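The data blocks that follow each hold one structure.
There are two complexes below, and they share chain A, which is joined by chain B in the first and by chain C in the second.
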Partner chain A sequence: MNRTVVLVGALIVTPLIVVLALSFGKDPRAIDSPLIGKAAPTFTLRDLDGDVVALEELRGQPVVLNFWATWCQPCVVEHPLLIASANRYEGQVRFVGVIYQDEPQDIRRFVSQRGSWGPSLIDTDGDVAIAYGVYGAPETYFISSDGVIAEKVVGAIRPDVMASILGPLL
Partner chain B sequence: MKPIHVALLLLLTASIVVSSLDAREDLGVDSATSMGQPNGTPLEGFELEQRTEELSSLMRCPVCQGLSIADSPTLLAQAMKSEVRQFLAAGYTEAQIFDYFEQSYGEFVRLEPKAEGFNLVVWIAPVAALLLGLALIVHRLRSSKKETTPIGEATPVDDLDSYRQRVKQEVGS
Partner chain C sequence: MSLSQIGLGLVLMALLTTAIGIPVGFVAGATRSAEGLRWARRLAYLFGISMLLANVTMEIALLTHDFSVSYVASVGSLATPIHITMVSLWSSLEGSILFWGLILGGFTAAVAYLQRQGHEDYLGYTLGTMFVVGLFFSFLIAGPANPFRPTPLPIPTDGPGPNPLLQNHLLMIIHPPMLYLGYVGMTVPFAMAIAALLRGQLGPTWLRPMRNWLLLPTSFLTMGIMLGGWWSYEVLGWGGYWAWDPVENASFLPWLVAIAALHSAIVQQRRGTLKAWTTILIMMTFLLSILGTFLTRSGVVNSVHSFTQSPIGPLFLGFLAFCLVVVVALLALRIDTLTSEPSEDAVVAREGAFLLNNLLLVTFTFTVLIGTLFPIIAEAVRGVKVSVGEPYFNRMAVPICLGLLLLMGIGPALPWGRASRAQIRRALLVPIPAAIGGLALAFLLGGRHPSVLLTGALAGYALWVTLDQASKPARARLKKGESLPTAVDRSFRKAPRRTGAYLVHFGVIITFVAIAISSSYQVNLEASLTPGQSAEVGPYLLTFDGIQLIEKPHLTSQQATITVAKAGKSKGVLQPSLNYYDTQREPIGTPAVKTTLTHDLYLTVMNVGEDGRLGLRAIVTPAVVWIWIGVVIMVAGTILCLLPSRPVRTTKSVRAVESAA
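Now for the complex of A and B:
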């Protein structure tokens, strides 16, 4: 075979193999958040009762910030776990929900039927979701007691994942 | 109604409107902390709409397949575009706005990656591949020219003798 052809073929194929090799073992749906290890964007929102909640006021305890909606099936699936976790870590961790592309009356109906694990805040313009780099619901952000984002979980969270992330934050 | 009552009513209405506006401004994300003071001139009217479209067409919709937030009909893209408009109206520059969205979504939010660092590969590779292809074509053309018999040069008669013999045999003459 012509040496030139082999050389050119190697030049084209080698970078492709390197890129593929580096990507093996990674979850193709997982998107790293650039906010991990950085200060959590601060916000002030109203909850379903009209009370104002500011993230800054929650400093001093770890915060589990969950973006959710009633139309999102994984959110419905993880709802009992969030209730159980909020009970388990009561007084140690603050659980706060942000309504993602949903109507407050639907959230009210949902929590009246299935219970609540914390305040659900109304993000009318969606700017809090954007500031946190939310792609869809549910997404859960674990914020340390000094206001730094320690971890982000996409999709319905599992009990073991919840415990393993919250453990070091307590 | 006495003028004093009208004046009091107007004052009350104005205070309610102002307080409701204040409450609206206080709610939401504290973007000023991460963006700092606006470095540009506040835009309005046609210029604001035009720049909003320009910037939105350069920003990737996070939940779409290769669509900009200008082209995407999703709620998230519309919310992002609305924020772009608000930032431009407040006087934030293109660089400040892109930095803000990059803080939450990373460089992924740029439809055109910045021409720096490893990203340069994306800009240089197509040109390099084109030049390499041209060089190969030129090389092949030159080498095939050397191997080809020059036009006008007669084919040696001896090469055809074997064929003539075979034709004669098969025809049987």
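Now for the complex of A and C:
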């Protein structure tokens, strides 16, 4: 019996198996589930012009809350759809963007070139993103008119998905 | 009897066969009974046949659209073309495990048949071990991942069809089987390593078959990894071929260790040393295959390849734990029996290069493994979500790959055994002009990155050594007055493995150089175009002609037409598209690629505005095609290595050259 092999083997095998076993039941993709059906975390942030936007003041209308950045490809992809949707649902739904790990001047340049679909809020220190448990950009939260998170979409959103989620919320 | 019942019956037959095969195999191994061995081999054939028939049954169910079989109801569809229906066997979890069973059955039966002579000392244990793995997979197929489960009533009249990505490209049809052949094939060398430990000896009747059975799955894995990269490049539309995604890493890890094992086996054959080390590497190859399968099939890591969580995750982990414990216990009990033959020489010259090669490959393996597992470790230990991105892997991989390239140059140049300083110096200095040539060429072609220049120099050196070593026996024969064709033919037939090995090195050098160039000199363009507008990228002028809407069953696609011109001359039309599958929320882009020997022009649609504006991404990447060419050369070399050598007329002086190399 070679004791070195037993020792080294045990030192490698035990932590590996324990760590892998602990990872069960934690689906790395389904990070959203705890928030759906719960009250949306409130926030008060300033937009690019310095105006204050508070989520609580938007109650009474469904809110599409989109975490995005200019460096994120799917965000760029879904940008035209968000503009079109903001136009289509004008007066019925509020579209609000939260800047996710990006610089305000980059957002400003991007918006001036490609248009805007709503206020872009500066999330200093990323507190709001943490409160919503944002894993990456883009993530879109659909908040009902009474302030409850109804649905979450990870990745670029599609027109039909947008319509099918917003329909019941109106 | 329904197909569900027939299929399950066949799987249960496989389960029973392997359950009986385990004691029969191990007892035959322990008692060296010829009769026992005969029975173990019969059971291996029976296992292979049961798995084959079970898979045929599933194919019949798929092709006849028998939706009473649960797997057919979940991946079949009347609208799916027939060739896609056939391959949807491996489009989803249950089917791919059944397919895995087929390959394992095939390998078990093939080992039983091909190793019936010359490997008797080990065959009982080898088959016994393969039956253990077979039992686990038969159990998965019969129970937790049973694809033959009857569909609950009412039976649907049509199904959703397989994963759209499978339908998107031909490569997706051949890429998974190649990987499975690689993963499952690693069971054979693993079983042989277990047999060697149980027997307590490693002789030539073990080494030769083991090496071939290790080479075969390694070449499948090489092919599978390349096809995966190619598929990701041609289909996914992000312009790259490798992203260090967990699923990619899962296939890369066993490959790296297999390469290390193949090299240490050469030292073992030459010098009778490194026996225990080779055995450990072989077993790691299999264990990493299982770990990789676990990681990708259990849903514990986040990956672009969307595998859902499934009940087989814990079972796979249990099997992995079982294998690990058995391996550690066996090593602890038996490793001292695998002592190396006494060698009067110190570790010098070429052996040293082989050892360094092994060290680098194992370091590479652990680097990738840690990066892949780190998110899981971080969550388990600190409860935080982290992701390890490409920068980490690239930062670690570049110096390691440069080190491997360096060793590929100096290793084969060095003599075996003890060598004088003067001999070593001479061997290493001769190829220096080639290194300078490589450096100069890289510089003249516009290379300015230090890593690219270094790659050029090392590649030049390695290329010289490879060509020099590969042609040495033929040149010795030429000197003896043989004609050129005879000399080449005879030296090849005498040692196809030698030619094959250097061909593999040649392919690796090409691939390394192509990766260095393609990852350093991309030209990127993102443009927003209205019909009629143009944009320039690299040497190309791209003109956007318009968007077409194409409706197919299951998908709607927006196809952009772009006219490509270079230096005023038309170079044809490229049509990248954005596909909206009915079953998927996010659109999948299909890029359009124009490949030339020097560079690729790669176009993807980022988005299409409501006003018909096209968001276009264009990338010009140099040398991409050489990555694929290099890998194909590697696979061709591996196949040569599998050919048996045949005796040819050889004079004494030629023999001296051949054995020195």
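Rule of thumb we're sticking to: the second predicted complex is superposed on the first by the 138 of 170 C-alpha atoms of A that agree within 3 Å, B and C clash if a C-alpha of one lies under 4 Å from a C-alpha of the other, contacts with A are read in each partner's own complex, and residues count from 1 in each chain.
Basically, contacts are C-beta pairs under 8 Å (C-beta built on N, C-alpha and C of every residue); 3 or more make two chains touch, one makes a residue touch a chain.
What you are looking at is a predicted structure, and each value in this text was computed from that prediction instead of being measured.
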| item | value |
| --- | --- |
| Which superposed partner A:132 touches (first chain B, second chain C, both, neither) | first |
| More chain A residues in contact - chain B or chain C | C |
| Partner chain(s) touched by A:13 [first = chain B, second = chain C, both, neither] | second |
| Chain C-contacting residues of chain A that also contact chain B | 31, 135 |
| Residue numbers on chain B that touch chain A, as the complex places them | 26-31, 33-34, 62-63, 75-76, 79-80, 82-83, 101-106, 108, 132, 136, 139 |
| Of chain A, residues touching chain B in the complex | 4, 8, 11, 31-35, 38, 41-46, 52, 101, 123-136 |
| Complex contacts: residues of chain C adjacent to chain A | 238, 294, 298-302, 306, 309, 313-314, 317, 320-321, 324-325, 327-329, 331-333, 335-336, 373, 375-377, 379-381, 385, 528, 580, 585-587, 606-610, 613, 615 |
| Complex contacts: residues of chain A adjacent to chain C | 1-3, 5-6, 9-10, 13, 16-24, 26-29, 31, 73-74, 76-81, 84, 114, 135, 153, 155-158, 161 |
